[in-house]
Amino acid sequence: MTVLDLPPSPIVPSVDFGRDGVQHGTLRLPYSRDDSAWGSVMIPVAVIKNGEGPTALLTGANHGDEYEGPIALFDLARTLDPAQVRGRVIIVPAMNYPAFRAGTRTSPIDKGNLNRSFPGRPDGTPTQKIADYFQRHLLPLADIVLDFHSGGRTLDFVPFAAAHILPDKDQEARCFAAVEAFSAPWSMRMLEIDAVGMYDTAAEAAGKVFVTTELGGGGTATARTAGIAKRGVRNLLRHAGILEGEVERAPSRWLDMPSADCFRFAEQDGMAETCVDLGEPVKKGDVIARIHPVDRTGQAPAEYRAALDGILAARHFPGLVKAGDCLAVIGTVEG
Amino acid sequence: MTVLDLPPSPIVPSVDFGRDGVQHGTLRLPYSRDDSAWGSVMIPVAVIKNGEGPTALLTGANHGDEYEGPIALFDLARTLDPAQVRGRVIIVPAMNYPAFRAGTRTSPIDKGNLNRSFPGRPDGTPTQKIADYFQRHLLPLADIVLDFHSGGRTLDFVPFAAAHILPDKDQEARCFAAVEAFSAPWSMRMLEIDAVGMYDTAAEAAGKVFVTTELGGGGTATARTAGIAKRGVRNLLRHAGILEGEVERAPSRWLDMPSADCFRFAEQDGMAETCVDLGEPVKKGDVIARIHPVDRTGQAPAEYRAALDGILAARHFPGLVKAGDCLAVIGTVEG
Amino acid sequence: MTVLDLPPSPIVPSVDFGRDGVQHGTLRLPYSRDDSAWGSVMIPVAVIKNGEGPTALLTGANHGDEYEGPIALFDLARTLDPAQVRGRVIIVPAMNYPAFRAGTRTSPIDKGNLNRSFPGRPDGTPTQKIADYFQRHLLPLADIVLDFHSGGRTLDFVPFAAAHILPDKDQEARCFAAVEAFSAPWSMRMLEIDAVGMYDTAAEAAGKVFVTTELGGGGTATARTAGIAKRGVRNLLRHAGILEGEVERAPSRWLDMPSADCFRFAEQDGMAETCVDLGEPVKKGDVIARIHPVDRTGQAPAEYRAALDGILAARHFPGLVKAGDCLAVIGTVEG
Amino acid sequence: MTVLDLPPSPIVPSVDFGRDGVQHGTLRLPYSRDDSAWGSVMIPVAVIKNGEGPTALLTGANHGDEYEGPIALFDLARTLDPAQVRGRVIIVPAMNYPAFRAGTRTSPIDKGNLNRSFPGRPDGTPTQKIADYFQRHLLPLADIVLDFHSGGRTLDFVPFAAAHILPDKDQEARCFAAVEAFSAPWSMRMLEIDAVGMYDTAAEAAGKVFVTTELGGGGTATARTAGIAKRGVRNLLRHAGILEGEVERAPSRWLDMPSADCFRFAEQDGMAETCVDLGEPVKKGDVIARIHPVDRTGQAPAEYRAALDGILAARHFPGLVKAGDCLAVIGTVEG
Amino acid sequence: MTVLDLPPSPIVPSVDFGRDGVQHGTLRLPYSRDDSAWGSVMIPVAVIKNGEGPTALLTGANHGDEYEGPIALFDLARTLDPAQVRGRVIIVPAMNYPAFRAGTRTSPIDKGNLNRSFPGRPDGTPTQKIADYFQRHLLPLADIVLDFHSGGRTLDFVPFAAAHILPDKDQEARCFAAVEAFSAPWSMRMLEIDAVGMYDTAAEAAGKVFVTTELGGGGTATARTAGIAKRGVRNLLRHAGILEGEVERAPSRWLDMPSADCFRFAEQDGMAETCVDLGEPVKKGDVIARIHPVDRTGQAPAEYRAALDGILAARHFPGLVKAGDCLAVIGTVEG
Amino acid sequence: MTVLDLPPSPIVPSVDFGRDGVQHGTLRLPYSRDDSAWGSVMIPVAVIKNGEGPTALLTGANHGDEYEGPIALFDLARTLDPAQVRGRVIIVPAMNYPAFRAGTRTSPIDKGNLNRSFPGRPDGTPTQKIADYFQRHLLPLADIVLDFHSGGRTLDFVPFAAAHILPDKDQEARCFAAVEAFSAPWSMRMLEIDAVGMYDTAAEAAGKVFVTTELGGGGTATARTAGIAKRGVRNLLRHAGILEGEVERAPSRWLDMPSADCFRFAEQDGMAETCVDLGEPVKKGDVIARIHPVDRTGQAPAEYRAALDGILAARHFPGLVKAGDCLAVIGTVEG
């Protein structure tokens, strides 16, 4: 079945994307189920538009347990003055809304990981229907796309904005420039190995300027990380010429994850002990984490050592860990 | 039924509490169930003893999703050299072991909150049986009792050690001296309103020197907070004369929670945004948190303001919040 | 343990029951659990008071899946004008609030059937704590007590108000007079065989005028049955002299359930077919219901016949039925 | 993969569809699972055949929580006398049998909504295998097809039989004539917007006379609605010339749902109050339903008003409602 | 509360225990719950009586996943000819009926282990109500009591009948004589350490002749073990003089479990490998079982050795094992 | 999409299949989920290689609740001496590792039945990804393939090794020769009707010598059946010339299941009673099993009779049975 053959999306917006002014509405996705025969999922959406100009598409809660994005975007949607806007801002603060309401990474309806569901299907699961609607209806409206992520309940990150290394170096340069404008404490150049199904890939393949983030984690947001998100999104709109005013630049360092050696996976079940904190420097060979057996005292913990120099960029969050979990990620820093 | 009438505890220890040396064993609690007709719960226990001297009883995971205590105590049990000990150290690093293995506050078996189950019952639920064993068998062996707590998956705290304001001022003074020896960044004087069922109360009523902590939260431990726990427990053993060497003192500030005004409870469901970070100063009237409605953009969040001056001592951790949840706690600081 | 020994209730009201005017608040019941370490249940309560006079205590959702009461009481709490009141009206529209939020008969927290939990315990389960608060704090404030019931998700009733046959005939007469004032289409004289743990019993034992209802069922409310509830509660307040104006009387017939023969219990699992509708007359020997075996076509259904003359007063609601379910209830009608 | 490529259906019937007489048997669908490695689903089926003549295919419980159809069809299968039949009647009273046994709309095995699963797959989920068996094996045998529906646990309808507006006007006329013969209190002309995956569409595309119903709801059946179903199915067989005797006509009014304005969806979570009852007339602008916020008394309910004149044809059934649920449907009436 | 204070049992039998002949009926236990507001549990019971004589009380499925008893007792209830009986046989083939229907050891309603719930409570959980009914209503009717057990889903036993070593040696002798009459392949003398809450204890304390069994396990029954049960129960009735005819004696060997050394508990999680089969002889020091770590190949399994000479009398059944599970039991054999 | 179009497998082995010596490692399958955002499944794998020679691929726990294979293969992987090997042995003792850890037939992640998931998909569910990895990476390395099965928790078998009747009679002969070398008590010639999705089919279609087994069941292993597995796998390696030494032959009888008459499916729910034991001879017309109704005593059980002469080769294991379950299988024996 080619794209041309696809049936229309079942999602019905209550907003008119072409209308000037501020609209707060919903994307209604019909979802028949045991507890509501003719029920629907109502995904909040805001459109702030003022005349001609570029369009920014801003999303949070692509993974439902990540909060810096939703906090910044609910805040922005409520406070953005259309008089200060030139063009259009489309805000979907909780993209995988069922997951967001459940506080889980994936959808409680279909276990769908939205960021692995693109391009989606109009006749698939609810998560696939959301992906399809973004793929065929919202991405085509956008010039610049910002998708907020954080570590969720099981990972924690140093706060960074990021863009991908792309084959089109001109597009890549525009993306990295947008990352710089975001002005998170860290900025990341990502080389995606396995890009199948990602929203990132869908946006980049459509030629958009695409920026993503990892701004913390643990299934919470702090005042600091929410502040980074709020400042970053307004900076991006200023950078794109949509919001009036200058970008408020703040110091940011570039971070890389050059190889598979950056990632350490747990090889045992047990209790995790991270031995350095996020952002702290590590040297190759340092113990960065330990896993304690918990069925008896007196047993030696397994030690996990850094395979290269850098900083601790991400870590497993929950106190318990299972074999196969990502335990720690080291990022390398320039200079 | 009086205490004298109680049947014997069904729990069988594999260690001999009177024997010198290092023993790593279990407290075996028979637990017949659908998936194990003659099954048991095996709670790890360590005893490190060297001749005569006082006894310290050290516990973690009274609530199963709090990790600074278990990390420090599994570490201590493995590394404590009996040659450096005078007296006895009894370590139960995961007191409510079924809860600890599940990574939950309460027991997955019976939903028991161990710290609200004292004095327990030998013929009750597994959680009540654990409480009874501590009440009748382990507390009587102890001179000094340390019970590690943190915020668990749903709360986060500035790191502090604490003791209760007690009617016996001599006992209270010994407890506060032990808190000072622990040398956490913050030290807390707690006035317990509702002490029913607490392990704290059981230990204090038995005349013990009792110290507890809140060292972080979110269902994880950082390198920093685990380090506070490791140093604190050794300091306590030194202070008690059980471990050789001097207490390694570190700066600590006293904190109080003088009234119900310190606690703010959520009055709405929604997405929580903490507006100040843990340990930051707040003034009466400051907005310390907001709750965002999430079903539609464009709605004003509810604002929660400080009712007195102090620091943000604790906060709700998960990104979503329910009416009735404790949203924030303000501690007052001396001078 | 005698009542005098009981610890204080942990429930904290945000309203002042002694204050004149309209107050909308909560009864906050602390409830520590895995997903909220310092959480609470917030039970809505309204107090409308104007000077001296009798007190009415009005409750709905004692069972959480019954809706005529909550609809009438949320409506009343919002619209009752204190200027028309003499005395006090205390409204708890969703008494077992956790059950009401879950849409279930019993509490999802502890499976507690609130109407079998009296007198409750301040140190028991959340459901027992609610019962204890009504027993020791709210019932003593009341002169007249109305507790709304309907059939819930699994039963359906002809709409009636009811009071119990009581040993104190003077109290009984006052109760029946209140039932008549309520003016439901049917009025019931109930002879309670097994009154253990009921709110009814607690109120009657305290000497109150107590009225209850069954106003429909199936886990829904119709416009008709909600209308009966709204009119009935205002009639009761007028009858009690609390609300100004005359009782709006409507025709009502008296109904009895004189013996165990009124009740038919299913003896098979299968698909239920009720052969007469609610309120229709039945003669002894009539087939009132059938249970179809569903694993194969061609099998004869089991037939259930009336054991006495009367009307079909209640019936099993869901399409499937289990052995032991109450299948049908016949009420006898005067004259 | 074209239809010709499809593997054979795994479903094995125990009846011979070509044999005269009465057969009560099963459609055995192999279903390997954790609790039965070589298990199957056994779907009851009856065949009543007498010589040559047309074939009627009669189904209930396409959605597992709808009972008028199964009651009428278990009854018919047991009592239909082949001597009165000319041709063949195939009865599957519980089409999505796993859903029917669970009392749920969709299958508990795979969450499949059978009426959105056509044409199905022989190598798909159990629900898809049932659809495929009807598509490739049972529909080809039929001349006239009746599929019983009701509102299920979450919707309630005025009782009607219905057929679709079809491109083939001759087929449409035959369908509407069959609807008239059914003689439900209401008759509906349906314009299906989104017909993807429906059994209706599969039958109509195969050129069959297809009749469906909505006969009540709430997850129950009343004596009245079951009676409508029993009379209707025999009328249909008489109309088709399969059952001897005259159609028992009863008054019926035609109903339409001409536009999206007929449907009102909830925009809030809360407690639903329907303000008119099923079948009652409404005028454009009338309040037909309200949604009450339930976390606090004293708040105004949201009001939902009719967008056109007509009758209340369907409504949300459960007392609680979620944003996105269908709250009410208005049907327009001729003349 | 003394026994005299207890409220009456809510259980209502449909049989008359004093009537001659064969009665098949139920014990109806009212159980109000979310899915049946006025529901009940219907426990099958049979009474076969013929004039004066002793009473046998025969029970199976005290634990719901043990099948030799229910098979023998459903068979006996259907086939026992009252003409061959002198006295009375009361048969409850599925004592903890909710557990039996779920195929689980404990009740799915309340997780109650019926054999640890005596003497029960008339106002407790459903399991406690069943215990109370046996304690106060059925045991007093009985002279001889047989309670069938097997290993259930998690244990497997060599087939034996058993009685307890009792303080009253005369009663003990009568019990052992009944065990011998049962004629299982093995006969066991049990020294109960922890008899609290057992049905055995309740029956013995009431002075009854009490026989129990363990006849296999794994949550199944074989033709062989069901045959042992069928023969054994008829032998017991003959021995008691209730059933006419001679006891059919078969060879049986006496087995003892003299000390805690007989029992081996798992100390690791992993995959269990039993190294000898049930009934095979073992010598002290033999490896009787191994537990394999399963997260990696190449690791040595933990070995469990016999602590005394005997036979393998019982073993852990499921392929996976958890620390604390009973792994193996050795019985010692005379001579 | 053709095989050539398939994306690469996401599975990463930690072993080098081309290296000599013993390697114990994992197949890491990335699996992002709510409780581990960047988690993986770690499937144990062992490679024992010594120079040139044929490759054997040995697997257990294709269904996760079958234990003879995993016991024999964890044992073999730990003890196989490469000095005795010529060629290569690849051992995956728990092929559907998530199912094996859960003790269930299918994967708890996606309910996937691995043996119905071939050829799998690299972008499918975790179970499909495992199938794809075997299909495209491991099967091509192998000359001889042994896949251990047993009955799992719901079936029990007489112990046999088996191969399929194949169109290529030369391949078939090599497979049957390998079955004979295995030397289980029974040997089976299988005629697969429905081979879609099986690992067997994938291996056979690739021209491999393929042997499978059924060695017992019930979700356990006995010392006897584990012994058959341990001897059988070494015999197979000797037969293939990979392991030095002679095949240890033991008596084996050939068994067939020639037609659908061999299989009896339950037509009722109830309690199963198998009337003959595994391996016992049965004659056509013998009662081999009964199903007892359990809601009331006194009802006759349904009887199931043998449709042909043979032995009882397999039976339903759990005490309870559902309509559609395979109740018994008769195998026919030569001569």
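The chains carry the letters A, B, C, D, E and F, assigned in the order they are written, with residues numbered from 1 in each.
The definition used in the following text is that a residue touches a chain if its C-beta (ideal position, glycine included) is under 8 Å from a C-beta of that chain, and two chains touch if they have at least 3 such contacts.
Everything quoted here is computed from the prediction, not taken from an experiment.
> Identify the chains adjacent to both chain C and chain E in the sense defined at the top.
Common contact partners of chain C and chain E, which must touch each of the two, are B, F.
> Any chains in contact with both chain D and chain E?
Of all the chains present, those in contact with both chain D and chain E are A, B, C, F.
> Do chain A and chain F face each other with the same patch, meaning over half of the contact numbers show up on both, or with different patches?
Mostly different residues: under half of the interface numbers shared.
> Matching residue numbers in more than half of the contact pairs is the bar here; say which of C-D, B-D or A-F clears it relative to C-E.
Same contacts by residue number as C-E, out of C-D, B-D or A-F: A-F.
> Between chain A and chain D, tell me the centre distance in angstrom, where each centre is the average of that chain's C-alpha atoms.
The answer is 43 Å.
> Find the geometric centre of each of chain E and chain F from their Cα atoms only, then give the gap between the two centres in Å, rounded to an integer.
Centre separation, chain E to chain F: 35 Å.
> Nearest whole angstrom, what separates the Cα centre of chain A from the Cα centre of chain E?
Here chain A and chain E have centroids separated by 58 Å.
> Considering chain E alone, which of its residues make contact with at least two other chains?
26, 42, 65, 295, 318, 323
> Taking all chains into account, which pairs touch?
A-B, A-D, A-E, A-F, B-C, B-D, B-E, C-D, C-E, C-F, D-F, E-F
> Applying the document's contact rule, which stretches of chain F touch chain E when the two form their complex?
For chain F paired with chain E, touching residues are 22, 24-26, 42, 44-46, 65-67, 70-71, 73-75, 77-78, 91, 93-94, 100-101, 103, 156, 218-224, 226, 271, 273-277, 280, 292, 294-301, 317-320.
> For the complex, give me every residue of chain A touching chain E.
Per the stated touch rule, the residues are 268-269, 295, 323.
> Note which residues of chain F are touching chain D in the complex, please.
It comes out as residues 63, 65, 104-106, 111, 113, 116, 151-155, 194, 196-197, 263, 265, 267, 318, 322-326.
> Considering the complex alone, what residue numbers of chain D touch chain F?
Counting only chain D, the residues touching chain F are 7, 10, 26, 28, 31-42, 123.
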